[in-house]
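For reference, the structure discussed in these notes is given below.
Read from first to last, the chains carry the letters A, B, C and D; within each, the first residue is number 1.
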Amino acid sequence: MATLNKNAAQVRAPIVSNKRVGQYHQLIINIGELAGVCKPGNFVAINVGGENSRMVLRRAFAISRVSTNSISGGTMELIVAPHGQGSRWLCSQGEGAMLDIVVPLGSAFGIPTEAVQVLLVGGGYGSAPLFGLAEVLNAKGCRVDMLLGASTASKIYAPMEGKRSVNSLRIYTEDGSMGQSGRVTEPIRALIEDLNIAVIYSCGPMAMLSAIDEITRGTHVVHQCAVEESMACGIGICMTCVLPVADEAGNVSMVRSCIDGPVMDGSFVQWDKVGKTL
Amino acid sequence: MSALDFSTTLGNAWFPAPTFTASGCASSGRELAQFFDLRTMGGVVTKSVMMKARTGRPTPRMAETASGMLNSIGLQGPGIDAFLAKDVPYLIEQKARIVVSIAGETVEEYSTLARKLRSVSGISALEVNISCPNVENRGLVFACDPEASRRVIDGVRRTIGGELPIIAKLSPDVTDLVSIARGVVEAGADGLALINTVLGMVINLDTMRPHLGGKTGGLSGPAIKPIAVRAVYQVHAAMPQVPILGMGGISNGRDALEMIAAGASGISVGTASFGNPTAIMSIQNELKDLLIEKGFTSLRQAIGYAHRPESE
Amino acid sequence: MSALDFSTTLGNAWFPAPTFTASGCASSGRELAQFFDLRTMGGVVTKSVMMKARTGRPTPRMAETASGMLNSIGLQGPGIDAFLAKDVPYLIEQKARIVVSIAGETVEEYSTLARKLRSVSGISALEVNISCPNVENRGLVFACDPEASRRVIDGVRRTIGGELPIIAKLSPDVTDLVSIARGVVEAGADGLALINTVLGMVINLDTMRPHLGGKTGGLSGPAIKPIAVRAVYQVHAAMPQVPILGMGGISNGRDALEMIAAGASGISVGTASFGNPTAIMSIQNELKDLLIEKGFTSLRQAIGYAHRPESE
Amino acid sequence: MATLNKNAAQVRAPIVSNKRVGQYHQLIINIGELAGVCKPGNFVAINVGGENSRMVLRRAFAISRVSTNSISGGTMELIVAPHGQGSRWLCSQGEGAMLDIVVPLGSAFGIPTEAVQVLLVGGGYGSAPLFGLAEVLNAKGCRVDMLLGASTASKIYAPMEGKRSVNSLRIYTEDGSMGQSGRVTEPIRALIEDLNIAVIYSCGPMAMLSAIDEITRGTHVVHQCAVEESMACGIGICMTCVLPVADEAGNVSMVRSCIDGPVMDGSFVQWDKVGKTL
């Protein structure tokens, strides 16, 4: 919480393009110079529904990638699943539509100071920020392997360009419609050994993050996960987005995932106490 | 700009602008300071603080509703000592005007909190959030019980002495708001904060159970604005001399002016800041413009203006 | 379609569908009959009728608010005799199921209305709207006064005999809804209608006075849905055997299912019909589809489903 | 109330065109065969704000004209003043946008059975339905004279084509920016005499209608006015749109202007009691 979103700003930003990709929409948004301060793991909060909207809260989306030398100024990419009314509205906005965005928010994935072996695990649209992250890790000299999982093929987001920075990419679907059949967490234990993994970066449903924690618990592997809790404000003022997290001394408190997250050290999160009274 | 006197008073506390954060909707100010200078608004009302640190209710803690939201935070907070050690000094350093909101589970806890605050300098006023369950009386919310409301305010008044204005924050979920308001004013409140959230519930159709971890939650946002305006109007009609901090769904300058015309001396902005971190700044600017446009030369002239006799 | 039993009961009255108009939001049915066949829904709840013809409140009588509206009609109506002569026969002719809503200014007026209705055939149930000012007690709304609420229902019960189910319609503007509900059930109500509108106000910024002719008005529409769901849930939790007609902001099948899961045996649609004359038809169809999709084989299974123990 | 909107239907109808005309927008909407049952004086009720709108009530607009032999099927024209959020939303909808409309609603102007001299008086956008009415009256052999008034020139709606069916057209603006300077009601008393007027048809602000009533009261001139009260439902179920109106026996009651109006006999309306408790 030290930095308190020090680079965050509220901007009106135009949609540069909106393309359907499987069950998702890839939105490219021109955020000008702010693209330069976005880091992998950060998210944005977007106003939805327009002027007369009955939706009073912003919607949070992970920044998938940023590009600072694009022709139209700095841009960022979001991968949006049309889920409820707000995200559906966003997916229906065409090129040129202006969005009211607060960006960049929250914590970022920590980047190792030396070149180590890392594993990136994404579930559903959770893969979105991992490709941007892979580029950064790759540039650091890390060897990057990636696992992506989803219930079905159309929910796997794995763009061609994204694969450049990845040493290997394995896909798992629960219905077997793409890649291997099964859960993305199944091969992790073996991979840690085989590839001598130092850090796992994960983003996806809470159940996946918790399963990875179970695997890494008691090992030397660091688990950096991007959590996803319902957020009313996204900037740390409402206390709705909390998770039970222990501090170094083992004291558990309810920590705001918008400002002390979304990226957290998975070993501190009290996965069994999520959604319970402390 | 023109010569508009935008200042207001709540009891003996003076504020250069009538715009405040709503308790629990600005944490203790730090997070919003990223988006604007806290000095430019009337004051920061801090999140209700209790004696001890509290972890609050289980998640999910919020549900969006039509033009509003439910929350069930359960007064998560650091406890008064940590609050005084960390949050108040920060706000003083920022030169923000500070209204500290306190909450308790017993009449005694409120008094003890008041004692802790009595000698703290740099605080402009105390907001006493009595919309908390009274553990000594079957968990009945203080603000829903005229006698308990009085006793809380009476205890705080005695402890704090005459210096610091006390603003009692009331719940709209009562049969007779005016009589509760009258009771706390008689017990020593210098002003009233109206309204706290309205009790509500959302059923999650996937689980087919109440969506919130705490089952019920507090409804806030534009949906409740007409209830809030009514509450302020009724109480101002009954006690025109008592300053009111009006809140509930204020999202723009027009909403703020409605509340002021109904009788509020100041306004708090809660949910609107979630949708828009700079909401307070735009509300403040729009309100100023509107007052000038309507020919007012001071905010004070507009307070309760909707109550003037038919002939005027 | 599949074999869904969509029927419901309110007291001893049976309805093929759980969908009703809300009193005062369908006049006496004629106007909606232009848009759909009145037989296809559960029943028509007619506009609250009083002994004498009433002209109601001055205009403006409405103000739109965020996801809702205020109304201040003041129970304009033809009086019971004209109502029985014109409106009831029309509805009977249409083969609509009829719930007659009555309103009075005194305990006596309610009883007299009940006497007039006792012998009228073709009526399925009586809704007793007690959200009216009691002229014998400083205009205090009956439904805000536990004792007056009881006395009204007791009088109606004694007059009407045991045949016609009595549904007491309550106001949410009370400190303790459950105790009021308990009181009227003890006094003889067979069911409860929850909720009437929430008291609100809008200030007109052109005139800088209350916008409505009646100053305050009743808030309805999606804005109040969380309040209504909470009210139904609380009362059903306290008295699971008492049938509830749930209402407040229901605009689609999901809203209807929320209300039913909270504990309503039937639902009334008010404000949504203003925005969409065929709202009741689409709500009904969507609700059916949702129930089937969720694997219910009867509406009855879903009533109060959100209250089942954690283990299920 | 006899007919109870018997031709009314709820339809989804596309906007054929949306043009700015002075301070108004002229909207042409394809309502197919329903155009055939619309009569001058009828109005429509339109949903505003789209799917996630916080506006729960329809907005009422007078039908300006209908055309049943247009290439795109039956169409109707509305003249919309961007007033508050709902009408502004409507004015911002482009060609092809689908509207949810209930049409036609309310009473229509009564058409004389014989050819008589009539005067049409419109205030602001109140002129809209008068041009369609003029055509019908003209076809009946009536001599049609017209007076239009507004505060300023840009609020006068008087389309070229509309003038075909009108014998004379005089325009009044309060600021003198178009036509004669003054109020549209000023010349009426003289015109009644000079032209031997049998019926005045009026549409505009309530103050204008009331002023006309004062002029015609006690004379043989019939005053058919289209009133405008705030309407929540537009179909007779809410009782918000009422006006004090006397019946033949002189008994005054609160009558719904959406279903027993908007066109009413001005001499029965109790103008001095509008907005008062009866």
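By our rule, a contact is a pair of C-beta atoms (placed from the backbone, for glycine too) under 8 Å apart; a residue touches a chain by one contact, two chains touch by 3 or more.
A quick note: this is a predicted structure, and the numbers were derived from the prediction, not measured.
Asks: Can you name the chains that touch chain B as well as chain D?
Replies: In this structure, the chains that contact chain D and also chain B are A, C.
Asks: Centroid from C-alpha atoms only, then distance chain A to chain B, rounded to Å. What do you get?
Replies: Distance between chain centres, rounded to whole Å: 35 Å.
Asks: Per the centroid of Cα atoms for each chain, what is the distance between chain B and chain C, given in Å?
Replies: Those two chain centres are 34 Å apart.
Asks: Indicate the whole-number Å distance between the mean C-alpha point of chain A and the mean C-alpha point of chain D.
Replies: Here the centre of chain D sits 56 Å away from the centre of chain A.
Asks: Which residues of chain D are in contact with two or more other chains?
Replies: In chain D, residues 54-55 touch at least two other chains, as defined above.
Asks: Touching two or more other chains, which residues of chain C qualify?
Replies: 66-68, 221-222
Asks: Draw the chains as points, connect those that touch, then say whether the picture is a line, ring, star, complete or other.
Replies: Contact map by chain: complete.
Asks: Please output the residues of chain D touching chain B within their complex, sorted ascending.
Replies: So the residues of chain D in touch with chain B come to 54.
Asks: Could you list, by residue number, the parts of chain D that touch chain C in their complex?
Replies: So the residues of chain D in touch with chain C come to 4-6, 8, 10, 47, 54-58, 100, 102, 229-230, 232-244, 252-254, 259, 274-278.
Asks: Give the list of chain C residues in touch with chain A in this complex.
Replies: Against chain A, chain C makes touches at 66-67, 222.
Asks: Can you name the residues of chain B that touch chain C in the complex?
Replies: 63, 65-68, 70, 144, 173-176, 198-203, 205, 208-210, 216-217, 219, 221-227, 229-230, 233, 249, 254, 257-258, 261-262, 290, 294, 305-306, 308
Asks: Can you name the residues of chain A that touch chain D in the complex?
Replies: For chain A paired with chain D, touching residues are 48-55, 85, 89.
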